[in-house]
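Two complexes are shown next, each including subunit A; its partner changes from subunit B in the first to subunit C in the second.
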Partner chain A sequence: MSHALGVSRPRGLEALPEGHWLQRIDPRTRIVAAMAYAFLLVACRDLRVLGIGLGIGVGLMLAARLPLGPTLRRTLGVDLFIVMLLLLLPFTTPGQVWFQWGPLTATWDGLWRGVEIGLKAAGVILMLLVLVGTMDATRLGHGLHRLGVAPKLIHLLLFTVRYMGVLRREFLRLRQAMRARGFVPRSDLHTWTSYGYLFGMLLVRSLERSERVLDAMRCRGFDGRFHLLDSLRLGQADWAFGTVFAAGLILLGGLEWAGG
Partner chain B sequence: MSALFELQGIGFGYDPQRPVLSGVDFRLEPGERVALIGPNGAGKTTLLHLMVGLRSPQAGLIAAFGRVRRREADFREVRQRAGLLFQDSDDQLFSPTVAEDVAFGPLNLGLDRVAALERVRVTLERLGLTGFGPRVTHTLSGGEKRLVALATVLAMEPEVLLLDEPTNGLDRDAAARLFAILDGLPQAMVVISHDHLFLERLTRRAVHLERGGGRD
Partner chain C sequence: MHIVDGALSGPVLAAGGAVTLAGTAWGLRSIGEREIPRVGLLSAAFFMASLIHVPVGPSSVHLILNGLIGLVLGWRAFPALLVALLLQAVFFGFGGVVVLGVNVANIALPAVLIHFLLRDALGRFRGRTAVFAMGLLAGAGSIMGTTLLVAASLAGSGQEFLPAAELVFFTHIPVMVVEGLLTGAALVLIRRVRPELLHRVAEAAPLAEPAPALAAEGRS
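Moving on to the complex of A and B:
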C-alpha cells in the first residue's frame, strides 16, 4: 500500500552532465534524429534490418556510456505493455503451424510478427531514451520551441517540470505530518478517507499556488505572451553527428529496400 | 512633492462578515522606508496586494504616483513602477532559467532581446549574482531564490519596492546579504517582516495594522 504512494524516483537515468559529448549536440539535432529513426524503423519489416536498427540504438547507448541496467530496464518496461500482444499474436495470426496446444494453434507467421513489433518498440524507445531522455527538460523545451512546436504545449511542459518538485515537497510535508500523528496505511476506510483528504488538500494548494504564480506574473506585466531565451546554435558537432546518423539511416533503408 | 502612494479609508474582506481591513489610511512619500507590522491576519500582505491592484478594495480610494487607480488598466502602470517581492520565491520564479525569469519583466515592458539580456546582466551583477543566468531556477538554494526573485523585480527598474517577508526562511548569512543589498537601494520601500532587528535597521517609520484598522 505504501508502495502505491511510493515517492522514490527511478534512479540512474538523469540528464547527462554538461560537457558530455552528447550534450554538445543541439537538442534539435537529437530530437529530429530520434524522430527520423522512429519513422524509419516503424516502416521496416525485415527482421535482420530491425535487428541492425536496434543494434544502432545499443551502440549509441554504449557510446554515450549510459548506465546499462536502468536504461535496458526502462526499455523493457515499455515493452511490457505489448507483451500481451506478443503472447497472443502467434495464436491469432493465420499461417504455417508452429505447434498445437489443446484447442489452440500457434503459427510461425504470428511469432515473427510479434518479434518484429517487439524489435521496433525496443529500438524506438531505446533511441528516445539515449537521444532525448538524456537532456534536461529546459533544453528539451527550448529545442521543441525552435522546432516550431505549439508554445502552449511547451509552456505546459516547462511549468510541469518547474512545479513538480514544489508539489512533491508539499506532498512529502503533508504525508510526514500524517505519519507524525501515527498514520499507518491499511486497507480500511480510514486509510482511503485520509488519502482522499491528502490528495484533495494537494489539489487545493496547487490551485492556490497557481493563483499566486499568476499574480506574480501580472506584477511583472504579463500579457499572455511568453518569451523564451535560449542560446541554441548548430555547430560542427551537429553536422558530424547528423551526417553519421543520416548515413546509418540510409544504410538501414537501403538494406530493407534491397532485401524486400 | 506628492506622495507615491496614498490610500484612504480602505476596506477589504474575503468574508463580508469579517473584514480584514477597514478604514485603513496609508501614505508613502518618495525615498521613505516604512515597516508594516501587525499580528497574523491583520492584512499586511493584503494591503500590498491592494496597492498593486491584485485585489480590489471594497471601500476607499487608492492613489498611486499622483493618480487615482481603480481599474485593472490603471494598475498596469503601477505594477511597473512598484515592484512586489512575494513571500514565497517559488511563486515568483516560474521560468526554466534565471536569465529568462529576470528577462520576463523587461520583455513584457517591450524591450528587445538584446536590451533585455543587457538588463539581466547588469541586474545580476548588481546583486552579486554574476554567472547565474543559465542556472535552472528550481535547483537554487532558498537564499539564492530570494535574491533572484529580487533581481526579477529590480530588472523592471521600479520606483517603489513592496517587500513581503523578505528574510522569511533565510539563514543569518543570507539575511545579512539581503539587508546589505536592500540598504544600498535608492527606492522607497514598504517592508513586512516579523524580524524586528531587520526592520529597525532598514526602516525609519512603522505602521501598525491591527485587525481591521491602521495606525502610525
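Moving on to the complex of A and C:
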C-alpha cells in the first residue's frame, strides 16, 4: 500500500542551520557557482573530467556533512523513462561492438554515451542540492532577486513555497475524509474520477484561500508591491569560496581542453 | 517527464530556453500585481499534484495535469510551471539546471495551446457530459503534446535516441487516459462549485462574492 497516503515522494532536504559554514556564504555566490558548474559539466565530453567533476560535488557534500542517504537518493532518483533511455543507448548507438544478444547488438560507444549522460546528470543535481538545496526558500528568493530575476517571479516563488505545506495538509485532510468513507485507491474509473474531484476541490479551496490571503494583505496595506528586505553582503567567505571554486572549474575546463 | 542534464544537444537546449524565457516574460506581464497570491496558490496546488501518485495497472503514475493548468492559467502557466520545476530541481533533485528551459517548455506549451483551443468552447457548454468530455480532451491532449515534445527534444538531439523517443510516447498512452479522466472529473466539479475559476481568473477581480462554502464542503 505504498500509495495509501497518495503522497510517496521524499520530502525536501532540510535547510542547514544558521551557523553552518555553507550558510555564511552568500546565496548569490552559491547560485552562480552551481550554475557555472552545471554549464561547464554539460559542455564537457571527457569521462575522466566528468568523473573528477562529480568528485568535486561528492567532496563538497562530505565537507558540508549533508546526510548521505537522502542526498544520494535525490541525486540518483530519476524518472523511469530516463532509466529506459540509458539502458537503450548501447543498443541504439552505432559503433564498436561490445556484445551481441540475440538480434540485439550493444556497442561500447553507446555504453560510454550512457555513462557520460549519467555522470553529467548526477554531478549537476548533486552540486545543485549541496549549494542551493541547502538554503531555505527565503534565502533562495532574495538571492535570485539580487541577481536580477524579475520581482514578480520571485514573489510567485515565495508564495508557492509558503503555501506548498499548507496545501499538502489540506490535501491530506481531504484524502483522510475519503478514507473515512471507505475509499481505497484501485486502478479503475471510480478511483480516477475520485482523484479528479479531490484535485478539483484542492484547486477550489486554494483559490478561496488566496482570496482570504489577499484580503488580509490588503488590510495590512498591501499595494501590489513587496519590499524584499535583505542584508546580503559579499564577504571574505564569498571571495575565498568563489576563488577556490573558480579555480576548480578552470582546472576542469583545462583538463577537458588539454585531453580533447 | 523530467529530462536530465547531459542528454540533449546545444540547439535543443537553446530553443527550449528561449521558448521558456519568452513565455515566462509574457505570462508575468499578464499577472496583475494583486493576482500574485492567486497564481502563487494555484502554482502550489499544481506542485502538490506532482506529488500525488495514482494507481494505474500494476504501477502508479504521478500527475502533471498541465491541461487543467492551461485552462485555469493561460499564459501564466509558464511562470507558474517555471517556479514549480525550479523548486522540484532545487529541493527534490528532479530534472536539471541547463535543461530546465526545455522541461518547462515541454509542459507549458501544450498547456497554453489547450487554453486557446478549448477555453471559448468551455464557456458555451453547460451539460455535465460535455464539460467532462472537454476535460478529457484537455487532459489527454496536453499530456500527448508534452510526450510528443519530449520525444522531439530527444530525437532532435541524436539519432540514437529515436527508439527511446518512440518508447516514451507509447508507454505514456495510459497516462494520457488517466490524466484525461482526472481532468474531466476535476472540471465537472470546478464548473459546479466555482465556475468563475475557469473564466474570471484572467481579470484581477479583487473581491469575490462570498464563497459557496457549504456546497464546497459537501463534495470531496
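As a convention for this text, the second predicted complex is superposed on the first by the 216 of 260 C-alpha atoms of A that agree within 3 Å, B and C clash if a C-alpha of one lies under 4 Å from a C-alpha of the other, contacts with A are read in each partner's own complex, and residues count from 1 in each chain.
Quick note on the criterion: a contact is a pair of C-beta atoms (placed from the backbone, for glycine too) under 8 Å apart; a residue touches a chain by one contact, two chains touch by 3 or more.
In this text, all values refer to a predicted model and were calculated from it rather than measured experimentally.
Of the two partner chains, both subunit B and subunit C are touched by A:209. In the superposed model, A:161 makes contact with both subunit B and subunit C.
Touch criterion met: A:141 reaches subunit B, while subunit C stays clear of it. Using the contact criterion defined above for the overlaid structures, shared-chain residue A:196 touches subunit C, although it does not reach subunit B. Applying the stated contact rule after C-alpha superposition, one finds that A:111 touches neither subunit B nor subunit C. By the touch criterion stated above, A:120 is placed in contact with subunit C alone, subunit B being left untouched. Which of subunit B and subunit C touches more residues of subunit A is settled by the count: it is C. In the superposition on chain A, A:64 contacts neither subunit B nor subunit C. When the two complexes are overlaid on their common chain A, residue A:149 makes contact with neither subunit B nor subunit C. Shared-chain residue A:35: touches subunit C; no touch with subunit B. Across the superposed pair, subunit B and subunit C both touch subunit A at residues 137, 158-159, 161-163, 166, 209, 213, 215, 217, 223, 225. Residues of subunit C that touch subunit A in their complex: 1-7, 13, 24-25, 28, 31-34, 36-45, 47-57, 60, 62-63, 65, 68, 72, 79-80, 82-84, 86-87, 89-94, 96-98, 135, 154, 159-164, 167-168, 171, 178, 181-190, 193-194, 197, 206-208, 211, 213, 216, 219-220. Only residues 2-3, 6-10, 12-13, 34-35, 38-39, 41-42, 74-75, 77-79, 81-82, 84-85, 88-89, 91-94, 110, 113, 116-121, 124-125, 128-129, 132-133, 137, 140, 150, 152-153, 155-164, 166-168, 171, 174, 177-178, 185-187, 189, 191-211, 213-215, 217, 223-225 of subunit A touch subunit C when the two sit together in their complex. By the touch criterion stated above, subunit B contacts subunit A in their complex at residues 49, 52, 54, 76, 79-80, 83-84, 86, 88, 90-92, 94-97, 99-100, 103-105, 107-109, 113, 116-117, 134, 136-138, 152-153, 156. Residue ranges of subunit A in contact with subunit B, taken from their complex: 136-138, 141-142, 158-159, 161-163, 165-166, 209, 212-213, 215-223, 225, 227-229, 231.
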